[in-house]
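Next up: some structures, all given as structure tokens.
Next, two complexes with subunit A in common: one pairs it with subunit B, the other with subunit C.
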Partner chain A sequence: MTTEQLKDYIASRFPVMMTLLETGRREPMYEVKAGQLLEVCRALRDDETLKFNYLCNIGAVDTQERLEIVYSIASVPNRLRLDFKVVLPREGASIESVQEIWPAANWYEREMWELYGVDVKAHDNLKRFLLPDDWDKGHPMRKDWDDPDFVRFPEIE
Partner chain B sequence: MGLIKKLPVYSEKIPGGAIVTTSLESVLHFAQAKSLWYLLFGTACCAIELMCTGASRYDFDRLGMMFRASPRQSDLIIAAGTITKKMAPRLRRLYDQMAEPRYVIAMGGCTIKGGPFYYDSYAVEKGIDHIVPVDIYIPGCPPRPESLMEGCLHLSEKIRRQKLLDWQEK
Partner chain C sequence: MMGEIRTQEFIVNMGPHHPSTHGVCRLMLTMDGEKVMKVEPYIGYLHRALEKICENRTYHQCIPILDRFEYVTAMSCNYTFALAAEKLAQIEVPERAEYLRVIMLELNRIASHLIFFGTTAMDLGALTPFLYALREREYIMDLFEMTCGQRLTYNYIRIGGVAKDIPAEFVPQCREAIKIIGKKVPEYEGLLNENPIWKARTIGVGVLPPELAVAYAASGPILRASGVKYDLRRDDPYSIYDKFEFDIPTRPNGDVFDRYILRLEEIKQSIRIIGQALEGLPEGDIKAKVPLKFKPPAGEVYSRIENSRGELGVYILSDGTDKPVRVKTRGGSYNHLQLIPEIGTDCLIADLVAIFASFDVIMPEVDR
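The block that comes next holds the complex of A and B.
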């Protein structure tokens, strides 16, 4: 299945739930509503034509106006890759855990929770992961994070 | 290279006998300075240079420096590489586990002032002298083996120059 065929298939299979975004890149990027995340993920994994059985990565982006959670998945039997994102508000960001679909999500979601402050619902082991055990200074990957010890790179004229 | 300087500093051979008198201080510090066993503590790319220095081309052993895998057997920590805030308590703990007299070499920019991670990093400790007392700083990113060896020679000299039980005041 080529990228174009994948786009066509997803457009017919998920006409409402997945929105194709204009990125200017060859690989498609979709947007999924936070409420439909689990439903879409389960369908992507279980669909016989797609079989997205491998979670490559979960990333988070702080655009200073909103948080974007980017999921990269792959299909090992069908040799496909797909990216989609979920847009969350910056304050009170909360998302469903996808670890019941892809167990690999466990650590990525812990990292996301710790560094970006995204609350992950129904996660079975949400505790400190990368930061020091006694860390109490908030979520350092947020753009507005600051600390007396934190030195920003000086502006270059 | 002048490695062996004035073996026992004040020594006197008693005529007709095989006895040499000298001061405890000079012999003790001579022995300490010539057998610095260092703890294997490589946390980043400086450790590659440290390994290179330890291998046959540069041959750290000829300075009497051998790596030990346990802090209990070490005289020296060569902190080779970035120390993160999460790693810092571990470094302190390893330092505390070493028997005195103990010495620390800060190898590379990261251990001196955070190096390339000084800006925009929430995770990297800006200099290990916040955590443990440092005897020798070796700048570089990473320093070449020659720099590391020179730093170790300077440390040897420093040990030779100290007074008896100086380290207790540290």
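The block that comes next holds the complex of A and C.
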């Protein structure tokens, strides 16, 4: 299946739940509503034509106005790749865990809970792991995080 | 009169400074006598906030930072980031640069697999393979040193091409090196394959079923040793790998022994690729024109390549300025370490050492 065919298939299979974003790049990027995340993920994995059974990466992004959670998934039997994102508010961000669909999500979700302060619902092991156990200085990957020890790199002309 | 002996489970910390944890990783083991009942990995000892540092650097400055992300195959880290940046800015890379990149990536893969071969055997009590492996790895390190002056963190593959051209003596010396390594691999096999102690320690230990491997997003040699034929060089092609002939070895059982054999097979395939690349190496430019103040258009991209430890991915979000908004790295070891609690239970500590070694986990890639 080529990228164009994949786009057409997704447009017919998920006409409402997945919105194609205009990014100007070759690979498509979709947006999924936070409330429909589990439903979409399960359908992507179980659909016979797609079979997205492999989770490559989950990355959280702070754009200063909002948080974006970017899921990169792949299909091992069908050799496909897909990206989609969920947009969350910066305050009180909360998302469903996709562990039951892709067990590999466990640590990625733990990481975004720890470094970005995204509350992950129904996660079985939300414990600190990259930061020290007694860390109390907030979520360091957020853009507005500051610390006396954190030195920004000077601008070069 | 003997009363009943009271037994209880107890907890043992393996690491953070245990030699077989390859870096600083702590495994908390719940033991019932000699048997491991539960494993819980504790990571973060090497967390250097590389992703945060990258957000404060320009694109060119990110490349030497990402060298430290996975220093055993630093070429791959350079390459993934460059690939993502090139995809964002849609840069056309000269053909000679692509050939040089493939040669370097494959040499680095061999060097990394040699380290695996040496350290795994050493963890299981055989010292000789380690000395042999480092002896052959030295040929590759010499080639890298000759090309870019560095032996571990290369900063060689840049956005748009490579840092500089290879010296004249590189090609003959590289041919010589792969010839020697190609002759030594059967020697390694002779050392371990039929060794009864090695077989007893590895065959049937740490079996990873293919469904579990895919569910936990295992990649690279670990996935292929479980019988799943999935190699990004073929299945999500990048660079010029479609020009070369090579096989993708798989193994059926998914135990420690298969993961070991598979990596030796991959060394042979890498030698084939390097041979073809040296043969077809064209003349020409080694770098596309990329401004020092490199500003890719706003957008986001996830690029992934086949590293010696599995899928190595970089996600970049650009807002059109000269610094990335977000750089997210994904290493194979991160997922493989998640698998340890799944398959590392109900075995002896000695088996756990074998499983850990066979995953070839490298901690800086996990902690970042």
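The definition used in the following text is that the second predicted complex is superposed on the first by the 154 of 157 C-alpha atoms of A that agree within 3 Å, B and C clash if a C-alpha of one lies under 4 Å from a C-alpha of the other, contacts with A are read in each partner's own complex, and residues count from 1 in each chain.
The working rule: contacts are C-beta pairs under 8 Å (C-beta built on N, C-alpha and C of every residue); 3 or more make two chains touch, one makes a residue touch a chain.
These figures come from a predicted structure and were not determined experimentally.
K.L.:
Label the relationship between subunit B and subunit C on subunit A in the superposed model as either fit or clash.
P.N.:
fit
K.L.:
Give one of first, second, both or neither to describe whether A:Leu126 is in contact with subunit B, with subunit C, with both, or with none.
P.N.:
It touches nothing on subunit B or subunit C.
K.L.:
Once chain A of both complexes is superposed, is A:Leu38 in touch with subunit B (first), subunit C (second), both, or neither?
P.N.:
neither
K.L.:
After superposition on the shared chain, which partner residues are touched by A:Pro140: those of subunit B (first), subunit C (second), both, or neither?
P.N.:
Once the two structures are laid over each other on A, A:Pro140 reaches both partners.
K.L.:
Identify the partner contact of A:Val61: answer first if only subunit B is touched, second if only subunit C is, both if each is, neither if none is.
P.N.:
second
K.L.:
Between subunit B and subunit C, pick out the one touching the greater number of residues of subunit A.
P.N.:
C
K.L.:
Once the two structures are overlaid on A, work out the angle subunit B-subunit A-subunit C from the Cα centres, in steps of 10 degrees.
P.N.:
40
K.L.:
First (subunit B), second (subunit C), both or neither: which does A:Trp102 touch?
P.N.:
second
K.L.:
Once the shared chain is lined up, is A:Asp149 touching subunit B (first), subunit C (second), both, or neither of them?
P.N.:
first
K.L.:
For A:Val76, using the defined touch cut-off, is the partner it touches subunit B, subunit C, both, or neither? Pick first, second, both or neither.
P.N.:
A:Val76 sits against subunit C, while subunit B stays out of touch.
K.L.:
Report, in whole Å, the shortest distance between any C-alpha atom of subunit B and any C-alpha atom of subunit C after the two complexes are superposed.
P.N.:
So the smallest C-alpha to C-alpha spacing between these two chains is 5 Å.
K.L.:
Considering only the contact definition stated at the top, list the common interface residues of subunit A for subunit B and subunit C.
P.N.:
Residues 130-132, 140, 152-153 of subunit A touch both subunit B and subunit C.
K.L.:
Please name which positions on subunit A make contact with subunit B in the complex.
P.N.:
Subunit A reaches subunit B through residues 130-133, 137, 140, 145, 147, 149-154.
K.L.:
Please name which positions on subunit A make contact with subunit C in the complex.
P.N.:
Where subunit A meets subunit C, its residues are 23-27, 29, 53-57, 59, 61-63, 70, 72, 74, 76, 79, 81, 83, 102-104, 106-107, 128-132, 140-141, 152-153, 156.
K.L.:
In the complex formed with subunit A, which residues of subunit B make contact?
P.N.:
Interface residues on subunit B, with respect to subunit A: 85-86, 89, 118-123, 126.
K.L.:
Looking at the complex, which residues from subunit C come into contact with subunit A?
P.N.:
42-44, 47, 49, 51-52, 56-58, 61, 87-88, 214-217, 228, 230, 235-236, 297, 299-302, 304, 311, 313, 315, 317, 325-326, 328, 330, 334-335, 338, 367-368
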